[in-house]
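My questions will all concern the structure given below.
So that you can tell them apart, the chains are marked A, B, C and D in the order they are listed, and the count of residues begins at 1 in each.
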Amino acid sequence: MNTPTATEAQAVVEQVRQEVCALHAELVRYGLVVWTAGNVSGRVPGQDLFVIKPSGVGYDELTPASIVVCDLDGNLVDGELAPSSDTAAHAYVYRHRPDVGGVVHTHSTYASAWAARGEAIPCVLTAMADEFGGEIPVGPFALIGDDSIGRGIVETLEGHRSSAVLMRSHGVFSIGKNARAAVKAAVMCEDVARTVHIARQLGDPVAIPQSDVDRLYDRYQNVYGQGDTERPHGSTA
Amino acid sequence: MNTPTATEAQAVVEQVRQEVCALHAELVRYGLVVWTAGNVSGRVPGQDLFVIKPSGVGYDELTPASIVVCDLDGNLVDGELAPSSDTAAHAYVYRHRPDVGGVVHTHSTYASAWAARGEAIPCVLTAMADEFGGEIPVGPFALIGDDSIGRGIVETLEGHRSSAVLMRSHGVFSIGKNARAAVKAAVMCEDVARTVHIARQLGDPVAIPQSDVDRLYDRYQNVYGQGDTERPHGSTA
Amino acid sequence: MNTPTATEAQAVVEQVRQEVCALHAELVRYGLVVWTAGNVSGRVPGQDLFVIKPSGVGYDELTPASIVVCDLDGNLVDGELAPSSDTAAHAYVYRHRPDVGGVVHTHSTYASAWAARGEAIPCVLTAMADEFGGEIPVGPFALIGDDSIGRGIVETLEGHRSSAVLMRSHGVFSIGKNARAAVKAAVMCEDVARTVHIARQLGDPVAIPQSDVDRLYDRYQNVYGQGDTERPHGSTA
Amino acid sequence: MNTPTATEAQAVVEQVRQEVCALHAELVRYGLVVWTAGNVSGRVPGQDLFVIKPSGVGYDELTPASIVVCDLDGNLVDGELAPSSDTAAHAYVYRHRPDVGGVVHTHSTYASAWAARGEAIPCVLTAMADEFGGEIPVGPFALIGDDSIGRGIVETLEGHRSSAVLMRSHGVFSIGKNARAAVKAAVMCEDVARTVHIARQLGDPVAIPQSDVDRLYDRYQNVYGQGDTERPHGSTA
């Protein structure tokens, strides 16, 4: 594979900008965000860059051009607006998890409620076994401003199948092989957080044996959907 | 009645494809699904076929042409995409319940919460007596991959008036004489699951005597609506 | 005032048909109904008639022409579809309450949850004092098919300021001087049913002294809004 | 700075009318209001005036021209409709808080539920520390009709960082340096009211140490967003 030209490299950046811009609409559609409190980022394939939402900009106003480009230390490389205040956390994840191509952060209601109690969401739904392969774990309480949040995400997800982590007293971070997969994880995280919460309100959900969780997770990760290469543009994982 | 020509038979398939495609929008409208987690199927009248949502495709992207056609063993007969991963369960229902013309599967929130506790929804609302004729029962925990789910649906609904079943730790399957009726049952199931849950949060709903449940069910099934033959295009059951 | 000509009388009917048709969209907008389970009716001024939703027709399909006209015994007078299955209850209210010009019926979630427990909604919000002047009472359990529901509505609302009644194990009926006012009462009923439910989940709402409820009710009924004659077309009560 | 001409002064009024008119759509978008029960006002910079929603008018019908202009005693100065019945409370805030440029009032569900119990919302989420700098306090029960509500708002917010107050048995008032900031506070208030309520339903949220609340509040108020002067038109604080 030849080194891409500068023009080719720029075209890849613009494509990820478009994808990440469009994916913010999914956060709105599924009610995961209010005002400007949530963001999506996506790694630029083949370059030590990622793109992310600018800080304090409403979802209706986002355009691909307003999405900013950062290096893996979170420094602004291209764009007219300041990057999301959560950029350092996204950057930390990209630096330490080369397999991760997308990161999403929200304060979605039910997941944040579990996070406020510092309680992991138990795996009591087959859809949760499919997507997360077990419980959705709780990360530490961490203040914004240094690497604490990013480190909390990475350390908590080590040794977990889960693609989402509940950061204590804060909200959710989710990861995926690309930005779309990370958005899907954020959507599914809120969905199971809500259903399990409601189930718990009137009693105890029945546990699913670990061996069944394992079987469901394995099948879903390997069989579900249309297959990566065949999948039509825009379809889901 | 003459045997239809191949062209006529194909026209019937295309019509059911259109109906089933359009009905997925009702799942979205009533908030029964997120991402791609829910599907509608419809039997092709006069042919040993049914049509169903393709796997892992978003609701916005569905077109009649993307809806796939399967035989009653769940094998793909026509279509470019892989059938829903729930196809075997739908197929089992069509094979064992010749009266069923539509099947719907969702993980709708409140119904799935009852399913997570393995608890039937008691019949404490007149609308529930009308539509379901009693409680909405719980089916077994069953893994995807063989006939377990389909058999659980069929066996649980035997001896029940209910057109919906809560599959334990999983979600809802509903049935109807056609796809529209099955979608209506899915919508009403979530509606009563939610109302009864909320009623239960602050105390005990008052029971409805069985004789009154019987009277309501009988009346609704036989009197309500505009009558099958007169009903204008697109109206509800 | 001269007796209107037949043409003038028909024009009035058509206007009420249009208003009642359009008001169903408010039930949808505020999430008070699913599928076809809710209806609005409006008295025809100066004629012993009212108009009401046809039975089993979806809200998207309603047109002014599809709205049916009934006499005050609930008999179909004009229209191609069967009247709502709740027509007898609406008719009973119009016959016994000449001051009522609009009736609404829904199974809205939170109000129906109070109804399922047979529990009145206590007046613990100033907005509830404004609109309902006290608690929202519970009417009897009554089967559809005769005058039981209508009589239950009328008898329960006697001696109450409330413009809404929770029919036990069933849902809500609301009344107003016209169809718009009855729809507003249905919307506000669900809103306060929800807020008071949520307040009660974590403790006891503080009671509002009856003298303050009286003062709020009196003020709101007599001072609020733009005045009846000045009110611009389409504005609310 | 020269005294503006009458034409210039009028142009400023029209601009605030437009902004305040448009901001009501945010109350609808985030589900903070039903029917006509909520209002936004904005101070006219450089003039002893503010603009506010007319009374009893639906959100769909609002136009900039329908927004009324009042002096700081709440008297109607310009406009064809009667001002909101909450105008006296808004006026009181503008008279006593020269730093306030916008006021919002809603009966948003979760915040009003805390208000019905007379219970402050504890600061157990980082987003709440960011925006409110601590708990959201409860103001007194106050009847409409004199300065009681306005005085309750101003006295309760003295000595609080919070930009929102829960008026007991009533609803929420929020303030900001302009109308947009007050709307943001109303949106965030309902968001945290909901999340903390849900967290509390299944246990006790973990407290955030006051020193961390202080650090988060200080950072968010001073660092977040694009900076006031650089911020593109329409973007959020």
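Here is the rule we go by: a contact is a pair of C-beta atoms (placed from the backbone, for glycine too) under 8 Å apart; a residue touches a chain by one contact, two chains touch by 3 or more.
Treat the numbers as computed from the prediction; the structure is a model and nothing was measured.
**Q** Quick check for the class: compute each chain's Cα centroid; which one is farthest from the centroid of chain D?
**A** B
**Q** Indicate whether more than half of the residue numbers at the chain A-chain D interface occur in both copies; give same if so and different if not.
**A** Looking at both copies, the contact residues mostly diverge.
**Q** Suppose each chain is reduced to the average of its Cα coordinates; what separation in Å results between chain B and chain D?
**A** 45
**Q** Between chain B and chain C, what is the separation of their C-alpha centroids in Å?
**A** It comes to 32 Å between the two C-alpha centres.
**Q** Please set out, as single numbers or ranges, the residues of chain B touching at least two other chains.
**A** Within chain B, the residues that touch at least two other chains are 201.
**Q** According to the definition already given, which pairs of chains are in contact?
**A** Applying the touch rule to all chain pairs gives A-B, A-D, B-C, C-D.
**Q** Sort out for me which residues of chain A touch chain D in the complex.
**A** Touching chain D: residues 34-37, 54-58, 61, 81-82, 85, 107, 109-110, 112-114, 116-119, 141, 143-145, 168-171, 197, 200-201 of chain A.
**Q** Under the touch definition given earlier, write down the residues of chain A that touch chain B in their complex.
**A** So the residues of chain A touching chain B come out as 30, 124-127, 184, 187-188, 191, 194-196, 198-199, 201-206, 208, 212, 215-216, 219, 223-227, 231-232, 234-237.
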